[in-house]
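Consider the two complexes below, in which chain A is the common component and chain B and chain C are the respective partners.
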Partner chain A sequence: MSKAIAIGRWIFRFLGSYGVSVVLLLFLALLTFLGTIDQVHHGLYEVQKKYFESLIVFHRYLGVLPGVYLLLVLAFVNIFCGAILRTRLGWRHMGLFIAHAGILILLAGAFVSHEFSVRGHVTLYEGEQAESFISYDAWELVVTPQDENAGKQELAISGADLDRAASNTSVTFYADGLPFDVVVKDFAANARPVPADGVEAVDGFRLERLDHEREVERNVPGAHVVLRDTASGEEVESLLWGMARYPWAVTIDGERWAVNLRRVSWPLPFVLRLDRFTREFYPGTTTPKAFISEVTLLDDGLEQHARISMNAPLRHRGYTAYQASWGPADARPGDRLYSSLSVVRNPAEPFPLYACAAICLGLVVHFCVRLVGYLRAENARRTR
Partner chain B sequence: MRNAAWILAIVAGLAACDRGPSRVPIREVRPVAEGQQVAVPETSSAERFGFTAAERQAPGAETPPPLSWETPEGWVEQAPRPMRLVTFAVGEAECYVAVLRGDGGGLEANVNRWRRQMAQPPLAEAELAELPAIEVLGTAAPFIEIEGTYRDMSGAAHEDSLLFGVACLLGDGSVFVKMTGPAAAVRPQRARFVAFCGSLK
Partner chain C sequence: MTKLWALAFLGLVAAPGARVQEMPDWNKEAVALFSTLPIQDGGRVKPMRTFAEYALLQVNGRRKCATAPAALPWPLGRMIYPNRKPTEWLLDSLFFPERVGEYPMFLVEDSDAVAALGAAALGEKRGRYTYESLAPARARLLDLASMYAGKSEREFDTAQRQILHLAENLRAFERIVDVMAFAHGVFSIPPDTALAAIFDGRTPLRLSEVLGRAPHVHQRFAAIRNGEGDYDDDARARELDAFRALFDHLDEIRNGATAIALFPPSDDGASWLTVSDVVEAAFMPERDVTQAIAWLDRLEALAAARDDGEAFNAILRALHASIRARAEARGEYGRVELEAAFLNAKLFYRSLMLYIACFVLIALSWLMPRSRAMNVATAVALAVPTTLLVAGIAIRCVIRMRPPVTTLYETILFVTAVAVGIAFFIEWVNRQRVALAVGGLIGLFGMLLANKFELSHGKDTMPTMVAVLDTNFWLTAHVTTIVVGYGASLLAGAFAHIYVLARAVGIRSDRPEFYRSLTRMTYGVFCFGFLFTFAGTVLGGIWANESWGRFWGWDPKENGALLIVLWQLATLHARLGGYLREFGLHVAAVCCMAIVAFSWWGVNLLGVGLHNYGWTSGTMNALIVFWAFEGIVLAIAAATWIRGRAMAARGV
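What follows is the complex of A and B.
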């Protein structure tokens, strides 16, 4: 028993040691450097996934490295254990204690943000309004009943589940009450349909796989889907494509269904209406000076007017809307314009503010404590 | 060091493990989202993917003969776009010309596709025969005018829209001219649209 306790103490001291802190910081610096370099070739999204949101990184030259996600979890543990090991109670150490608590809040916020935040966009022409926002990069396969008396529930298969069918690995999805199975025979994260003949063709087309785009939102997925009647075993098949004009309309056992591959959307707890969009350029140039979306927020019968510009987002009920872009890109003076707002729902959005406040407070307290200590010592020296 | 190697091996093993079962329950059931694309029964893959008959024959297909026209005042030619001979910005509206090999699917399919885009019911064969005609490229081409809610390729609905269309079937090829936009912007362009179609040579 005492041996187990001794091992536990050793692990605890090891995890909270300065040595681990230094190694973690060195790895963080290295991965930040590698990620920045790799971004040139693979784009922001791929690099974020590979270096910053992973436990392990397989690097072409350096082999296996810990991912930043793992490093930050270890950093949290390191600071937490270190605080328990080294914190001494009393005013003299209170400042550093608060500052370290601020760092822990920052790391906890990063975790919550990574796990629970969603990011999408709302694109509106003047006068239009939205009650939902659409993901930039997350896709789903949705099965929707089309008959009036069939209820108003749709079934969604997430992109993560669809990924299981990549590389022609057939995956069957089923649900209680659904009269057919959805068999995804193939799924490609970026593809396009091309006319084809022969056995590989489905209704005159096949899916051509494309390389992943550097900007992930430009990837358009495709899937080869078979619907298998669970009663009779009869099958109908089609290709689905993210940029299709219409969903696949299919009738099974006399019931009409729509099957679609589309971007994930999330409802907003309020309505956002674009009243006016203005763009300003520096005189005599096409260099943008400002883009401003004047919006009306309709929430529970109340109207609130707001201006969203490049550095002035709108924050409301845990959602933040930023001015992201506008179009059409080739619009001429007088053309009708649309405004694209980037919308983020992040439960940890205020965490960085709290963390910075705590760190600042901690450092100010520490500075004051040291200053008071110094002045007292100085006074004592002079009076001697 | 040995401990660290074991931990690394386990983590790497977990990362490379099997993709999971081949039979998976659908977990997410939720109310139907508003404003989604509308499914159109009996739509072919070509129609869903936005392919025309000509594009499906793309490998080795001959380039359709070019046309010339007189651009109406106020119409601004846009950058070239796939499947279109020319595109014009007409204020808030847009007009384009598409030239296809063959009949491009035929008059009925194209007119009713346009009607679906405007959220209008399809026309029967008898109703198609009663459409007014204008002279385009030496033939009487049906002139189509549809008011309704226009749904663009992204699925966004635009209320109070108007569509002018001309389907000119020439035997070995076909020419389609289509103008869409807010009704207030398209309606005043009627005479210019007809004149433009008549100027095609």
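What follows is the complex of A and C.
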């Protein structure tokens, strides 16, 4: 038993050791460097997935490396164990203790943000309003009943599930109450329909796979979908494409259904209306001076006016709206403009601020303690 | 007198091809008035002095311009044809365009390229060409440039980039000359036409006279075109042709004179007017440009008086007072004179020169290690250029109403000031003269870099801030902090260089105290740098969260800052854990310097990301040289370390 405790203590000491800290930090630096350089050839999204949100990275030249996600988890453990091992009372330790607590808050915040935050946009012409916001890059396949059944449960298949059909392997989805199965025969994250004939053609078209765009939000997916009547086994098929103007309308057993491949959207707990969008340029130049969206928040019958501009987002009920972009790009003076607001719901939004305050305070305390020590030592040396 | 002698000598030498040309020197008052004339350019109101400085830098790559081909041996040629300073050059370009065409101001790296385009090549491969000598190649040059225009700069090879650059410079110069082209020409109005009647038969007319009656001209033209008046078809056509000829003239001016917005508007609109704008607005009944037309009239008078210094000054004085009054009423003149004075003072250039002197003095002081007078002298020699630098940064802040660092150029100035400032503090604490020497070196390199950057960019270093950067709070909190971190990290790295090289050569190897003291300096500054890079990086994240909605986005610039922080953290923990001791710490500080260079300049070369504000071709080579140098230092460090181990093993 005491041996087990000894081993446990050894492991604890090891996890909290400076050696582990140094190795973790060097690996983090290496991966940060690789992930930066790789952005020249690959889009940020891909790089992020490969290096920063992964547990393991397979690198062309360096082989297998730990991913940044894994490293940060280990760093959290390392700091936590180290803090328990080494914290003492007194000024000499106080600063570093506070700073490390700040880093733990920062890492915890990063974890919460990564796992639980939602990010999308609301794009509105002046006078329009929205009750939901739309993802930049997440897609879903949605089956909606029409006619009198319009209130019925709809089937939504997430992009991750669709991806399982990505290499031409059929994946079947079904839901209680749906009189048919949804068979996704093929799915491509970036594709376009092209005219075709022969066996692979559906209604005279087939999906042409395209390379992934550098900016992930520019990918437009396509899917080859078959609806199979569970009772009769009859099949209807169609190609769905993200840019299609209308959903696929289909009648099965006398009921009308709409099948739609669309960007994921999330409801807002309030209504956002764009009243006016203003763009200002420095006189005589095309250098933007300001972009301002004047909006009205309608929440529970209450109206509230707000201005959203660069560096001045609107925060309301856990949601934050930022000025992101505007258009149309070729608008002439007097044309109706739209404004695109980024909307984020991030439960850990204030964490970095707390962390920053703690880290700065801790480092300043520690630095001052050390500086005083240095000055005393120098003074002693010179008087000697 | 020197001029006379030189002329006499010239007579003897009789340099072929050198044309002697009389170009009046601009008197001091004219230059002073002209340089503080407010204009609007690049989105802000600035003195003409600033425009002149960067226009000349762009065209000529230098802050001065020769006035004749350098057919004469130096310094003889410069005695006869003294260089023009920016404001004088701009005055020449606006008022003596035909003579400026003879100034050698277009730098051509490869004369074969311009020869292939049809210009007569100079003897040497690299040389400065006059506008006149490039004229035969102009059309093809501009054609080529417009062919390249669609491509991004990174796709060009060197020759293409040079062609494009030359074409841009040529156009930039032409645009400047076109600003005053109207004042050197007149309009002839065919007599006995309806058009002539509008102007009471006066001809030729100046632009201001034409624009003064613009609404009438337009009304009359419309009426005649619509069939009014007692004309047969031929007569009507003739009448209309007279109008159209005038409109063509005006169009030419309207298309050409777009470079400088000279006139503050009479209403409270934000945009100042160029000559082109005035021509356009004069025909719009709803716009009131009476005042601007009066200013045009004064400019025409100026051009007419260009050979008469006294008259020129008198007109310029009145014009300056009038425009200034309007700008003041709009609250836009406030810092114009300060800015002109700032440029005239050349603080940063003088600071560079003094850092060079300081460096020489420091080198001398090493020969007299015990001289107290020398100590004081070096400290003063370092303090003076540093004071100039700090004063320059402060004045820039006042002119722009911004915190000290908002552009890549300003980071250089600030990093230098921070590093030298900390070096001073350390010298004050430990009096070893190492910090002083390092401070001098950093000052020298920093100001060299700043100067080089400004020359190669040729753009106003006080630009307006794009919307996302238009926040003094975050610029102060994030940018200033992180740049202090850069400065301190570079200083720590510089100390580490001294340590490594001293160890390698074996200087003062009998005095371990010297090395221990160096280590304390390096470590202290390293930690100070860490404090600021860390705080700055996290603050950057918080700013990003305010403007883009995410704390961290793995953008290259963010990653660059993170790299420094991670490296510093690894170093500090390795030291705490006992993995690094004196030598190792210094090697780590040298590496940190290389990483700072990557973060500061290297990531800009990747050409991706949100912070992509500093794409600079040519930076790559400098960086490679720097990293190669650091590589050599590290190799020396490794060799020294191995030698030390071997000696220790042998018990030496």
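Methods note: the second predicted complex is superposed on the first by the 349 of 384 C-alpha atoms of A that agree within 3 Å, B and C clash if a C-alpha of one lies under 4 Å from a C-alpha of the other, contacts with A are read in each partner's own complex, and residues count from 1 in each chain.
By definition in this document, a contact is a pair of C-beta atoms (placed from the backbone, for glycine too) under 8 Å apart; a residue touches a chain by one contact, two chains touch by 3 or more.
Being a predicted model, the structure only gives us computed values, none of them experimental.
Of the two partner chains placed around the shared chain by superposition, chain C is the only one that A:35 touches, whereas chain B remains out of contact. In the superposition on chain A, A:320 contacts chain C only, with no contact to chain B. Of the two partner chains placed by superposition, only chain B is touched by A:195; chain C is not. Legend: residue contacts after superposition of the two complexes on their common chain; A:2 is shown touching neither chain B nor chain C. By the touch criterion defined above, A:383 lies against neither chain B nor chain C after alignment on the C-alpha atoms of chain A. When the shared chain is aligned, chain B comes close enough to touch A:173, but chain C does not.
The touching residues of chain B, when paired with chain A in their complex, are 8, 11-12, 15, 19-20, 22-51, 55-59, 76, 78-79, 89, 91-92, 153, 156, 158.
By the touch rule above, chain A contacts chain C in their complex via residues 17-19, 21-22, 25-26, 28-29, 32-33, 35-37, 39-40, 44, 47-48, 52, 106, 109-110, 113, 119, 281-285, 287-291, 309-313, 320, 322, 324, 342, 344, 349, 352-353, 355-356, 359-360, 363-364, 367, 370-371, 374-375, 377-378, 381-382. On chain C, the positions that touch chain A within their shared complex are 40-44, 261, 270-272, 429-431, 463-464, 466-468, 470-471, 474, 517, 520, 524, 527-528, 530-531, 534-535, 538-539, 541-543, 545-556, 559-560, 562-563, 566-567, 569-570, 573-574, 576-579, 603, 606-609.
Against chain B, the residues of chain A that register as touching in their complex are 55-56, 64, 123, 125, 131-132, 140, 142-144, 146, 152-158, 161, 164, 169-175, 178, 182, 193, 195, 202-205, 238-239, 241, 243-249, 251, 256, 258, 260, 262, 265, 267, 330, 332, 334-336.
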